[in-house]
Amino acid sequence: MKFDPFVLPFTVGLTFMISVLLYQYFRWYLLLSAKEKTIVRTNLFTKRTFFGFREIFSESLFHKKIFAKNRLLGYMHMSLAFGWFLLIIVGHLETSAYFGKAFEAPYVPIFLRFFQNEATHQTAQFGYWFVMDTILLFILSGVFLAWYKRKKAKKFGLGRATKHAIGDRIALTVLWFIFPLRLLAESITSILYGGGSYLTFGLGSLMEGTIANEHTFYFSWWAYSISLGLFFIFLPFSRYMHIPTEIGLIMLRNWGLKTEKNKMSCISQFELHSCSSCGICLDTCQLTTDLNSCYSQAPYLYKSVRNANLTDAKLNDCLMCGRCELSCVVGISNNNLRQSIRNKVSNKTESNLNYLNDIKLQPINKADVIYFAGCMSHLTPGIKRAMESIFKAASVNFSHLDQYESVCCGRPMMLAGMTKQALPLINKNKDLIAQSGAKILVTSCPICYKVFKEDYNLDIEVVHHTTYLQNLIDSGKLRLQKSEMKVVYHDPCELGRGSGIYEAPRQVIKRVASLKKTDYEKEQALCCGGSLANTILTSSERNILANAALKKMTNDKIHTVVTACPLCKKTFASAQKEIAIKDIAEIVEMNLIPMKVIRTKSKKVPSELLLNNNI
Amino acid sequence: MNHFGFTINKDNTIDYDNNDRSLANEVLSHEPSLYRCIQCGSCAGTCTAGSFTDYNFRKMHLLMRRGEIQHLRLAVEKCILCGKCQLICPRGVNTRNVIRQIRIALDKMN
Amino acid sequence: MKETEKHILIVGAGPAGIEAAEHLSDLGYQISIVEKDEAIGGKLNNWHQLFPDHRPAKEVLSHLVNKLPKNVKFYLNSTVTKTIKEENLFNVEINGKTKIQCDSILLTVGFDVFDARIKEEYGYGIYDNVVTSADLEHIFNQNNKILTTQGKIPKKIAFINCVGSRDEKVGNLYCSSVCCVTGVKQAIEAKQMAPDAEVFMFYMDIRMYGRFYEDLYLEAQEKYHVQFIRGRLSEVAELQDGSLLLKADDTLAGCPIKVHADLVVLLIGFVPAASCNSLSKMLNIECAKDGFFAPCDVHIDRNSTGTEGIYMAGACTGPKNLEASLADARSAALKIHYHLVHGKATNLINELS
Amino acid sequence: MILEGKKRVWNEYQKEIADDKYFYARSCIRQNFFPGAEKTFLQIMRNELGKEVYDDPKHTTCTGIAYHTDIIPLETIMTVVARQFSLMSESGYENYVPSCITSFGIYTEILELWEHNPELEEKARDFLYKSTKREFKKPKNLAHASDVIFKFRNEIAQKAKHRLVNCNTGEPLRVIEHIGCHYARMFPHKGVGGAEYPYVLAGLAESFGGEVVDYPERRTCCGFGFRQYLVQANRGYSVACSKRKFESMAPFNPDVIITNCPGCPYFLDRWQYVISEMEGKIYGQNGHGIPVLTFEELAGLMMGYNPWDIGLQMHQISIEPLLDKIGIEYNMHNKYCDAEGNFMGKPEIPELVKFY
């Protein structure tokens, strides 16, 4: 058995890392619910596992998504990840070829040059040496770029480098030392005892007589081993935990597991630890770009959750608009994770909404369509009036669920992390909806729409008013004229990214106005800044966000922005005066062609009766 | 002690100086926008919980600032965080965060 | 007589008087000013800083005084004792001796501050540490430090609104309009001088009606954490160490409140100047029920007094802030010039009707 | 405290008090609460000051208690008051001196009423004549008994054997004066020194060498308030008023409270016992409570009368500590003996308040 004391730090580090990783993964494994276990079991021996491995290759090693973002950044990650992977594989091949035995002590391939020096050199060695030197050079180029990125983040397509916690900074510097120390060690060995190819031998000859001697030889191997050992010890507690964890995450995701909104499940823990604080998401966050506030974004949140120094502001200073989820190369569902963390923090917060049981609202009269305006619409009555005239114009048998006093849909409370505390609200609204006996629930607020859709599990159809308008238009119930108004459409976060509704609003607007493009369409839409998920922003900061978003979305020819959310409308409108902010229902109402009232000899026959039977 | 068939009325004057206002200072330090409140009542007027119960957000945080926090927990539990108050506050007070900070301070207190 | 030799007598050398004098002398008139004190500038001499921007009062005072043309004749420490009108001329007796003749009289006698002792329950003149806003401006002017009579820096300072205004018990039903903004200004200044003091303001309404006044109010709340308690102060009691116990109803909390304070500042309002009713009798000018000179027409003509040739301007026609006083003085100057040039009893009302 | 400020206030509220020939109207309750009080007043006025005070047995209540519990109409009050005045004028007197503050308040109020609406005075005359065939003349001077004592405070001080001074330390005793609400509250100019700083008791205390202490709640009502203490449901509010005063005066550690209305001393005295029983809180020095005296009792003590003759043993808060401070001898044996010396019985001893 080949052994030398200098391998001890490496071995100790490696065993420590593996045991910590196993312990962590086992703890997370316990979090798997029975349902999740069956999902994994059923998908284990299917092509999903193959897709998983393929994704591990394309993402964990080649970092294809980072390449798509920025080639230099992609190359840096690829060189480090894939390079190190090759180094290990080729190192093992060389060792087994050199010693002719399949198994050697685990440290031998890493320190092969050291153990190799006394025997004669076969010719095959030169091939390996050449390949190994090339791989090392390949990795060293990545290390150099990593160092350069810290200084000039912009070259790498990053607005700013992430501010790392101390633990990360130590692990980072240790990582930067590993491969230069290996180069040093192999170069000294190659000049003193031969071996190595153009790189190591070249560098070694430069150091001949001066640096390269017995002491530096042994010292360099010790340094290399210690740097590896340290890195392994730090890995589970630093951002590099993402290296092993992302592999697990990719497999779990491919097997079909998803994160939830109010529970830190197994896959949530995997996502939490797969964030490498790379900082790519920071630039998409409007708090960074427009408010220069960069402390509460996803990487920082996960960092403080993992280091158990979470502050209230860091958890709650986030619009949860979902833009960062687009740019996350690891595909972490930041909103679900943040809301689950908020739920965990607010778990014990008592709330007492029993008064909801004994409140007396106006009786909900029966109707086919029930319209829920939502709390926000009480403060933007324009939308409610528009919807009323649209329902009448389309002669729809509708009634209001919250004409004068509304019970909140519950989502703002859930966004603050109080999901179970919001149940009384959900139950109360469900009774009211049941009382109406309606078959369709229309709401003009995307925030309510998302909670009705995802958390109420109603047995009737839930429709956002944009889709409903589209149906009305397509079914000819609404006759509209097209005005020359030049407008742009702002996708509300909860409607676009939150619920995936992009096309319906655009079709509706095209029927009543000329819709212009912005460079923030659909998923790329900007948040208006009024999000209730953020409880830390001051009102002036919200105005800055709103004005910045409006500026980016409009040019001097556009004087009207159409949105589909009362909160966005209120936020944009109260932040400035120049640009008119309209809800879709309002511009539709403006362009309604009133139905002809058909007169007969005896008395005026209301058009609703006639209309129904001739469509 | 013996009772003569009646109890002595409690003095309902707010004793500002001897009241413990540490909770109020804690909340104010985390949400300084509350300093701007001019007690106009717009928030309490639009409040859903307020229209169904005796809960009054304006009066609640005013009493808190005076150090009268006996009924604070009972009151703050009625808020459904719907955000209507924050939307219309003429002084831009971050009312939802005031509620959250009160809860955090109350939990920290006991 | 050529226009330029016409002689105008201005009663009161406060800001309004000086402003009118400057404009009238620019128009070429002979000006003489009667002033009961020996200093020119009226109340401006007592103020430390002015709202809404904390501008030193001295700056405005020296600006006004420097503007004064040299040929203005001053009668300081003197008052008008008798006036007889002959057609368009006035024979005026000053201090009972010197007699002068003038073509027109402008009354700018200003106002007095309310004597806070009348509001006995606040203990002004009875408790050591109850001062008025006028006293506070004086304290600021003297040593720019804010101390209790026991010489300590106050830890709690309470400003009390509407002292002597909107109060039937002291006979003044009107609002003096400037005490709120003065109080907020002083609250900020007090907090600047005693940074870790707690500053309160007991108010019924905060009437920050002027331009940029509301910013002062917001700044007092946000930056200086001044606490505004809505409850008109009911009474003040002095404790053994000279500190004060304030009792009021916290109307927004719905129950009474008692607060300790080391210093209480009473924001005193305007009262008509002592000379107001003596002059009104002498020149038979009507006083409104609030004691200030009654305007001929509250919208169209606030400077005429109903007696031709006699005009009025500034705080003697009702509480107003400095800039309004100066504007009023300028309009009076123009009116006098109009009267002297056209020589007939023209005021706007006749033209209208 | 700026003394000149207070003095300036007092000068504005001077009051004219007759100097002799008083028609004395006794109080309904002063007799039962403090039996020796009115006797002491008469003794001082007649024997010490040599004044003529007519104590007419035929006079009735001034209807005060009924008035303040809202159970009789104004006409009845005016007629009874008119009858009192007719008794006065009938016996040849013109200076009316009521012994009770509430009466003083009623007489002042009725006189003011008559002055402003003479038709009511005619009505009163008519009612009086119909009911009793009596005529009446309005008093030339109306002053409360404490005003009269105030007027002669210096003569009494000269004759006094004791002073409100601590006999061991020589320091003036700290005196809290409590003015009955109906004295100057409704008609400030009818009270010596006005409503904010009434001087009638302060003057008395100062002339006897005491030091008057002004505490924040000095003008709060003692809690008597007729309907408050009469109805048990309201009694808690009545005690709360006194408690608020005691809480406010405690830091000033007063030696004695002097009053001029029969109700205030009774409740300030009794409620201290009730508060100690109900809440275990005792004010004043070392568990004794703060002794409460009426102005006549104080004057009597100063003149050196025997405390038991003045009836101080009937007080709830023991008077002995005060007597020791002033240096007045008293004999514990005949504390509870009547004039002939036989034992009347000892009251129950309170649980908390020290009682001898």
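By written order: A, B, C and D. Residues from 1 in each chain.
Convention: contacts are C-beta pairs under 8 Å (C-beta built on N, C-alpha and C of every residue); 3 or more make two chains touch, one makes a residue touch a chain.
It should be emphasised that the depicted structure is a prediction, and the values quoted were computed from it without experimental measurement.
*Asks:* For subunit C and subunit D, which third chains touch each of them?
*Replies:* B
*Asks:* Just by CA atoms, which chain is the most central one?
*Replies:* Closest to the centre of all protein C-alpha atoms: chain B.
*Asks:* What whole-number Å value describes the gap between the mean CA coordinates of subunit A and subunit D?
*Replies:* It comes to 83 Å between the two C-alpha centres.
*Asks:* Return the distance between the CA-based centres of subunit A and subunit C, expressed in whole Å.
*Replies:* 64
*Asks:* Return the distance between the CA-based centres of subunit B and subunit C, expressed in whole Å.
*Replies:* 40
*Asks:* Roughly how many whole angstrom separate the Cα centroids of subunit A and subunit B?
*Replies:* Distance between chain centres, rounded to whole Å: 37 Å.
*Asks:* Could you say which residues in subunit C touch two or more other chains, in rising order?
*Replies:* Residues 247.
*Asks:* On the basis of the stated criterion, which chains touch which? Give every pair.
*Replies:* By the stated definition, chains touch in these pairs: A-B, B-C, B-D, C-D.
*Asks:* Please output the residues of subunit B touching subunit C within their complex, sorted ascending.
*Replies:* Subunit B residues touching subunit C: 12-17, 32, 35-39, 58-59, 62-63, 65-66, 68, 91.
*Asks:* In the complex, go through subunit B and note every residue touching subunit A.
*Replies:* 30, 33, 46, 48-49, 51-53, 73-74, 77-78, 80-84, 87-89, 92-94, 96-97, 100-101, 103-104, 107
*Asks:* Within the complex, which stretch of subunit B touches subunit D?
*Replies:* Residue positions touching the partner: 1-11.
*Asks:* Can you check the complex and tell me which residues of subunit D touch subunit B?
*Replies:* Within the complex, subunit D contacts subunit B at residues 232-233, 235-237, 239-240, 243-244, 274-275, 277-280, 351.
*Asks:* Under the definition above, what is the set of subunit D residues touching subunit C in their complex?
*Replies:* On the subunit D side, the touching residues are 1-2, 4-6, 8-9, 194, 196-197, 214-219, 251-252.
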